[in-house]
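In what follows, structures are represented as structure tokens.
Look at the two complexes coming up: chain A is in both, with chain B in one and chain C in the other.
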Partner chain A sequence: MRIAIASGKGGTGKTTAAVALARVMGSCVLVDCDVEAPNAHLFLNPEVQNTQDAYVMIPEVDDGKCTGCGECSRVCQFNALAVLGKSVLVFNELCHGCGGCVLACEPKAITEGGRLIGTMQWGKAGDLDFYDAKLRIGEPMSPPLIKALKHQAELSEAENTILDCPPGTTCPMVEAVGGADYCILVTEPTPFGLHDLNMAYQTVQELGIPAGVILNRAGMGDDCIQNYCKANGIPILLEIPHSREIAEGYAAGKDILSSMPSLEDGFKKVINTISEGLNNG
Partner chain B sequence: MLICISSQGPDLDSQVDPRFGRAAQFIIADTETGEAKAVDNKQNLQAAQGAGIQAAMTVANAGAKALLTGHCGPKAYVTLNKAGIEVYTGCNGTVAQAIEDYKAGKLQKAAGADVEGHW
Partner chain C sequence: MAETGKAKTITIISGKGGTGKTSVTAAFASLAAPVVVADCDVDAANLHLLLSPEVEKSVDFYAMPIARINQDLCVGCGLCNDLCRYEAIVVQDDNYSVDPLACEACLVCKEHCPEQAIGTVERQAGYWFLSQARTGPMVHASLGIAQENSGKLVTEVRKAAAEVAEKEKLGLVLVDGPPGIGCAVMASLTGADLVIAVTEATQSGLKDLIRVNDLCNHFKIPIHIIVNKCDLNPEVTQAVRKWAQEAEAPIIGEIPYDTDFTKAMIEAKTIVEYKSSRIGDELKSIWNTVLETMKSIV
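Moving on to the complex of A and B:
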């Protein structure tokens, strides 16, 4: 079972929920897919056992073999190649690594090189297999790194996976959520929480992934989330109270089950509800 | 010698387009005979990225040895430089006037890009 934790809005409690769910599941894989600002490790203090650099393919051109036909430049949807006479200028930062130019090059002057996009690391945090990655500073594209990280995490033998996803509803979130059996959307009862929940829900619907909501900071704001979920038939899996205890624990780097142990049953129920729902089709 | 001017319209009376990569058109003018023709740049107006690079290739393929424009970004400049095309930024007024200024030696050759990409 692969459960993605996403939100739309940042700061709603994705990592808080992901860490708590992983803890109640016991042995599972937790993948921190927020490669631009990974921070699940702060709650878990994992023992890192491996690190590995991640690359995207970039074209490397052998000027000796290039005939200047211009086919690579014509096929590139990202305008990353300029052919001037018999020399090719490659703009690596525009390249999306699709490999189209390699296929298009008849004289086989283009080979696959690599551009460093970030570094992945993994290890153990108690029973958990923990994975995260850091995007290289200055690198504009995070999805290839998220893809590489998820691929790496698939090598773990644990049966269940929790994907802690980046905020937003654009390519990084779509890449992180992709392939999940279920998506938990974490939100808060504010106009901002509702607005972004709506966008995130539409995104996961488009991806065909069943979804439910964890309502964090319940009790502040109003009933907008309950009303929205009712109107759209989205289950509210858990309500986490708006509480000073939790905020103080968070500020001290404690996970939510340490600051409020009574939530453990609630998180266990979330897992049971999802797995029963998936098993019953 | 052929020179290229980024232009808002198809003829010598058009205003110089201050943008290079996403200029409406390019006028390719022969400084000896005075002949001029317009080259369309429509495919670059909607490009998500790399418009300057593609525009620079258009200028190179037209055989121009100098470019007169308003502004030029870093990737466009690198491409034009590699193609051996001199770049003159800060041009305005009509295309015809820019050509006259160029022929009179009033324009200053740019040593690099004068704006960031996507300015």
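Moving on to the complex of A and C:
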């Protein structure tokens, strides 16, 4: 079973929920796909066993062989290449690594080099297999790193996977949520929370992934989320009460089950509800 | 703000999501009005929920065209599938098609298909709007579901905001930037005269602040910091202060943890428009510091 934890809006408690769910599942894989702002490790203090750099392909041009024909720059859809006389200027950060220029260059002046996009690491946090990655500072594209990280995590032998996804509803989120059997959308009872939940829900529907909601900070705002979920037939799997105590615990890097142990049953129920639903559906 | 010359831009970012960046931007907009506001957090655009803009002009936004296979011409040779590096070609019973969510729009398949069976489809990915809000002109956007990363749309929003500032002779643009450190953040930092990072006094907030500061350093842009939820954990707040001092990133304001932000949001008001509150007063004094800071750096 692969469960993605996502949210349109950032800061709603995705990581909190992901860590708690992983904890109550016992042995499973937790993949922190929020490579722009990876924070799950703060709550788990994993023992890192491996690190590995991730790359995307970029072209390397041999000026000695280049005839200045301009074909590479013509085929590149991302304006990453400029041909100047008989040499080529590569704008590394614009390159998407599609390989089109390599194929287009008849004199074979282009070979494949690599651009470092980030560093992955993995190890153990108690029973958990933990994976995360940091996007290299200045690297614009996170989806290739998320993809590489998910590939790496597939090597783990644990049966169940929790994917802590980046916020938003664009390609990093889509890359992270992709392939999940179920998606939990974490939100909060505010107009911002509602607006972004709606975006995120439509996105997972588009991807064909069944979804449910965890309502965090319940009681802080109004009942817009309950009404929305009711109107759209989305199950609310769990309500986490608004509490300064939890916020204080979070600030210190304490996971929510330590701040409020009574929530453990609630998180267990979430897992049971999802697995029963998937087995029957 | 000066009424002549090019408008100055203050860009507000956060690293971590949910730190209160948009609420702070909206408060500044109230205090600076009339001012141009640009919502560059196009991925989770929320500023309009506080500033209630009336749309005056809506412009279609097109993403890069993606590949489409013409089934009548395709002979099923499989070359496109071999060449595509994004697993975007779907093969089902010898039928070849393109998964629009996976397609990167590189058009390598189109270039090499021996039958010229591959064409392109335009994708209308969203809109951007030129509006009138309570605080003055506002440029914002709405991105379709599951679209590609939003850097290009952010750039259009930013440019439109600069244009409207010039046209209406307004001296200041406030940009609400996206969270994270990726392509959309970079696109919203371009052209900023002052960058303010709104963080929260939590372990996660500090970690993400450090990364966003690294990003700004990478582009040689100095940042100023506002610490939200500064009274949750004195130790963490102390750690943020210590880090800021060492990083030479001045803290220009601290805001206590307060649910008034939420209450104001539910009434669709900015915190300074909402009944008098201690954080409203706090934001007024932070805004004065921002104005002073602007004078000293530009």
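We adopt the following convention: the second predicted complex is superposed on the first by the 281 of 281 C-alpha atoms of A that agree within 3 Å, B and C clash if a C-alpha of one lies under 4 Å from a C-alpha of the other, contacts with A are read in each partner's own complex, and residues count from 1 in each chain.
By definition in this document, a contact is a pair of C-beta atoms (placed from the backbone, for glycine too) under 8 Å apart; a residue touches a chain by one contact, two chains touch by 3 or more.
Here the structure is a predicted model, which is why all the values come from computation and not from measurement.
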Once the two structures are overlaid on chain A, check if chain B and chain C clash or fit side by side. fit
So, does A:73 touch the first partner chain B, the second partner chain C, both, or neither? first
Is A:167 contacted by the first partner chain B, the second partner chain C, both or neither? second
Could you say whether A:39 touches chain B, chain C, both of them, or neither, answering first, second, both or neither? second
What is the C-alpha-centre angle with chain A at the apex and chain B, chain C at the ends, nearest 10 degrees? 40
With both structures placed on chain A, which of the two partners, chain B or chain C, ends up touching more residues of chain A? C
First (chain B), second (chain C), both or neither: which does A:199 touch? second
May I ask you to decide whether A:87 touches chain B, chain C, both, or neither, giving the answer as first, second, both or neither? first
With the two structures placed on a shared chain A, what shortest C-alpha distance in Å links chain B and chain C? 5
Set intersection of chain A contacts, chain C complex versus chain B complex: 78
Sort out for me which residues of chain A touch chain B in the complex. 73, 78-80, 82-85, 87, 89, 91, 94
Mind pulling up the chain C residues that touch chain A in the complex? 14-19, 22, 43-44, 46, 49, 64, 83, 85-86, 101, 104-108, 111-112, 143, 145-151, 178-184, 186, 200-204, 207-208, 211, 214-215, 218-219, 229, 232-233, 235-236, 257, 259, 262, 265-266, 268
Contact set on chain A toward chain C in their complex: 8-12, 15, 36-37, 39, 42, 57, 75, 77-78, 96-100, 103-104, 134-135, 137-143, 166-172, 174, 190-192, 195-196, 199, 202-203, 206-207, 220-222, 242, 244, 247-248, 250-253
For the complex, which residues does chain B have touching chain A? 47-51, 53-54, 56-57, 60, 75, 78-79, 82-83
